[in-house]
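Next up: the structures, one after another.
Below are two complexes that have subunit A in common, paired first with subunit B and then with subunit C.
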Partner chain A sequence: MRAHIWIPLLALGALVVLLYAGMQDMDRALPSPMIGKAAPSLPVPENSEAAAVLNAAQGQPRLVNFWASWCQPCLAEHPELMALAERGVTIIGVNYKDEASAAARWLDRHGNPFAVVLRDPEGAFAIDWGVYGVPETYLIGPDDTVLHKKVGPVDDAYLRDELQPRLSALKGPAS
Partner chain B sequence: MSGAGKGVAMRRLWLSVLCVMMLPGALLAAIGDEGLSAEQRQRFHQLTTELRCLVCQNQSIAESNADLALDLKRQVRQQILEGRSDDAIRTYMRERYGDFVLYKPAVEPKTYLLWASPALLLLIALFILARRLRRAGPEDDEADEELS
Partner chain C sequence: MLPALGDMALAGATCVCVLQILFAVQAARAPERYPAAPALLNAMVSSHLLLIFVAYCAMSILFVQDAFEVVFVAQNSHVELPLAYKLSAVWGGHEGSLLLWMLMLAGWTWCVGRFSNNLPTSTRAIVLGVLGFVAIGFLTFTLWTSNPFDLQFPVPESGRDLNPLLQDPGMVIHPPLLYMGYVGFAVAFAFAVAALIEGRLDSTWARWTRPWTTSAWAFLTAGIALGSWWAYHELGWGGWWFWDPVENASFMPWLVGTALIHSLAVTDKRGVFKSWTVLLAIVAFGLSLLGTFLVRSGVLVSVHAFASDPERGLYILAFLTVVVGGALALYAWRASQLKPETRVAIISRESALLLNNVFLVVLAAVVFIGTLYPLVVDSLGLGSMSVGPPYFEALFIPLGLPLVLLVGFSATLAWKRSKTGPVLRAAALPAAIAVVAGIALWAGIYAARGAMALVGIVLGLWAIFAALRDLWLRARSGRGVGSIPSSLWGMSLGHLGLGMFVIAVTVVSSFDVERDVRLATGEVADVEGYQFRFEGTRPVEGPNYIAERATVTVLEDGAPITTLYPEKRRYRVQQDIMTQSAVSYNPMRDLYVSLGEPMGSDAWSLRLQYKPMMRLVWLGTALMMLGGFIAALDRRYWRATRSASATASGATAQQVS
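Presenting the complex of A and B:
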């Protein structure tokens, strides 16, 4: 009978363990309902040159990266984007809730990894894409469907485990 | 006399603390429903408390002051003004942000377990209780003493 008094204590212990385990799962990235669907529309390019680049990117695998000059994690992922661009990956930059001049200065100072920069000063296009915090990076397939979404800065793990396998798979059947 | 006075003073203190704590919520709730009729305003408040802020994931967009929450509130207001139904607005949010954006997820195969879990937990608790009561028996007073 004495053993019964331990039951609440054990239950409490189990609860503490459960809650502690829950706290370790701090990845706040949410699954995107966009995966497998047609990519939402992008802001209209500001000039014909940008429009041509955007047109050429259609039918190609490409990244769509939402960023802002005021966003610190965007600066953290910036070298990775530069390296990707150098390797020939097309990155479409969507400048989110930013001043055009601040964005231009940022790109001048740190380098421009984007094939084309589109502007979303109100963040209206970002809502259509389901963006909830910059940076967010979408992989778009040649058929214009969303293949993957990365919330937060692009890092080694993303490049190795998510992006590279998908890019290889896309290249595979074609060659 | 002085004891009663103290009690009243304490109660006043606690009441004012409570009022202050409620203030932010009351202030925020007033934001974003300009230009809506009374009926539309009620729909706005209902919808915004049902939608989760994706940035601060334990708040509804009604409570949240995050940039995105303000944007989404603006969306809700705009769409109410455009005459869209509550369901259409919920679907709009769900298509973009997924089930997580709804504090009340839709009932569908994917969420059956989620919706059934309170009833399941209650059943399990009743089962355990029934077993213990049966085992203890009606005249077993010893167990009661030890439990209390």
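Presenting the complex of A and C:
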């Protein structure tokens, strides 16, 4: 029996193993070394009003969202952020490598879900946070530690499976 | 009521399929004991088609009725959605697209049952049994993991609307045509499995398979072209092919299918390459299933991906393994029993077609590697990466152009053995015309820029003139144009279309001009001798969107030639913003305007593009598709011959021993 006629079958076997392996890391969560550590510093607010909002958020559970007006996935997650803000979740927006005017226009046009918008035009703060690309969303606990990191747009599954249980857990002991 | 009807119809179809497979096995084993087998199988196939059709109609009616208690309807429709899009929304999501897929499979199966009276009962039973097996795979997949008739409570007041990207006429017909192609390869696959089981790998088998394969290929061609047309008009970037994983998933079966229709020709006419041809038939369908898997498993990131679910991916993967693995194991077993084939002369049509197959399969491998490489890297833990257009373009140009050169020799090379002299003499005139006309076009219109462009233009013209010569020679030697058989018409049209496509792609990729400009009302931008005057924007209201519509007057040498109305639409339900580009075209060029962002005080950013010969890309693919359909109609395939089956069984005895 000639050996080469088995090649197609072996190739299929290899392909199936590969695809199966590919499905195993379906959840594309990137573990962040920041988790459990103190949240890195944020850009300095541009005015006293923003500084006051930022101060008030200290000691509260809050989200830090890195976004940019040029980023399509940011637009995709935007309705989810709006809904979160309406439900009283504090979201701190860090405008990443963006023009101030473009960012302002984007917020005017689509609505502003952020309690405060900070600017990181060079992406220098993003390096400290370990941002791979926008959008990225960090959940910060009342003790100012990073609890969770979401790479890519916020979606239903993230809200349901990751964010909501953690927020409830934070609220739980208090009430 | 209707959801329950749909559920029952699907369950009923599954039962019919089980019967069909069991009976097919009996009939294939002892055809002489079941004289009524063909009629009975046909009845099963017909009732299967009827049941799937009922399920499909039930789903369509649910959409028209805005029955939001059905999860799938709520996710993909809205009260305001226009009726045509409500009907096409049936295949706008994963679950419903499976329904369409199954309807097409049932339709193809019915056609096979209806038009294969000249097949021996055993072959027919195996073919219908295999198709029944494929159908059962998709039916159980639908019922277990993705039932489109699932209900929800409480009933939402309103639906989530159809993705605005899919609200386009091109998108309405693109998936059905694509699925016709994918599913059509299931027929070629079923014939291949039947041939392997019966040990009848011969020219008769190839002749039975050819019309099915060619028409499936033509559908796939049309489906891919329409997808590309849709991307060109709807995505608003002016691009028409992005080497996106899902585009690649449809392109791989196309390339292998193209190889298959050519190698089937050799097996049909000369009885050689049998083992290779049967392998291609299996691989073409395997790649169709792989495409289905890639879109639905979430393994690859793509703009096309349906909402992914690991369970679904796992099911399709298991199904792929069983179906293709089973066929390949059968192949390994049978191919080892084949006798060595007669040698093929180097200068002959057989060897030219073999070379064509090598190039096409290598091209398919290039796409395959480019599509799956990121997955390999990811699995090995080397990080995420993506393979982009530069990789594909670097390999497609050197591997694709020799194919075009080969195409021109297709009809003048004789079977068995050909003399070099006559072939070269026949090539001289079209080659000379191609070179002269090519240089004239290149230097005259495109100012002699880019040597690669000249190569592409000349090769494309060569394919066109060589195809015309084939028709002319045949008409002269026979009894005029009417004596040309449809197989030659089909082949020549296909090759002519390919030539046109190659020229168009060369020209548009070498000489297109793109400018991003900021224009206030009344301002003019100049692109390649055309002046675009921005006349301002005004709001317009569509059925389910509001839009900002710009008016752009296009002038040539100061005289207005046309007015374009690009739009920026915001769909009310999903709040998505869509760019609706506006295109003015003639055969020589497309002028493409898309509206960007407002830039303050009645100025907007606009993207203006000049895309030479873009229309010929579509015309070329349309000709290829037409060629496929005409070739499939050739009378030779449809003559009901008893003698064919008689000689076939004689050949069987020779084959397997």
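Operating definition for what follows: the second predicted complex is superposed on the first by the 150 of 175 C-alpha atoms of A that agree within 3 Å, B and C clash if a C-alpha of one lies under 4 Å from a C-alpha of the other, contacts with A are read in each partner's own complex, and residues count from 1 in each chain.
Here is the rule we use: a contact is a pair of C-beta atoms (placed from the backbone, for glycine too) under 8 Å apart; a residue touches a chain by one contact, two chains touch by 3 or more.
Being a predicted model, the structure only gives us computed values, none of them experimental.
K.L.:
Taking the superposition as given, does A:M23 touch the first partner, subunit B, the second, subunit C, both, or neither?
P.N.:
second
K.L.:
Which partner does A:A14 reach: the first (subunit B), the second (subunit C), both, or neither?
P.N.:
neither
K.L.:
Name the contact category of A:A169: first (subunit B only), second (subunit C only), both, or neither.
P.N.:
Neither partner.
K.L.:
Between subunit B (first) and subunit C (second), which does A:A52 come into contact with in this model arrangement: first, second, both, or neither?
P.N.:
It touches nothing on subunit B or subunit C.
K.L.:
Considering only the touch criterion stated at the top, classify A:V44 as touching first (subunit B), second (subunit C), both, or neither.
P.N.:
Neither partner.
K.L.:
Contacts for A:I5 in the overlay, against subunit B (first) and subunit C (second): which applies, first, second, both or neither?
P.N.:
In the superposition, A:I5 touches subunit B and subunit C alike.
K.L.:
So, does A:A83 touch the first partner subunit B, the second partner subunit C, both, or neither?
P.N.:
Touch status of A:A83: no partner.
K.L.:
May I ask you to decide whether A:K97 touches subunit B, subunit C, both, or neither, giving the answer as first, second, both or neither?
P.N.:
Once the two structures are laid over each other on A, A:K97 reaches subunit B alone.
K.L.:
Both subunit B and subunit C contact which residues of subunit A?
P.N.:
Shared contact residues on subunit A: 1-2, 5.
K.L.:
Inside the complex, what are the residues of subunit C that reach subunit A?
P.N.:
275, 279, 282-283, 286, 290, 293, 297-300, 308, 310, 313-314, 317, 320-321, 324-325, 328-329, 331-332, 335-336, 372, 375-376, 378-379, 575, 577, 597
K.L.:
Quick check: in the complex, which residue numbers of subunit B touch subunit A?
P.N.:
Those residues of subunit B that touch subunit A are 54-55, 57, 67-68, 71-72, 75, 94-100, 142-143, 146-147.
K.L.:
So in the complex, the part of subunit A that touches subunit B is made up of which residues?
P.N.:
1-2, 4-5, 28, 30-34, 97, 123, 127-130, 132-133
K.L.:
In their complex, what parts of subunit A are in touch with subunit C?
P.N.:
Contacts found on subunit A: 1-2, 5-6, 8-9, 12-13, 15-16, 18-23, 25-26, 75, 79, 105.
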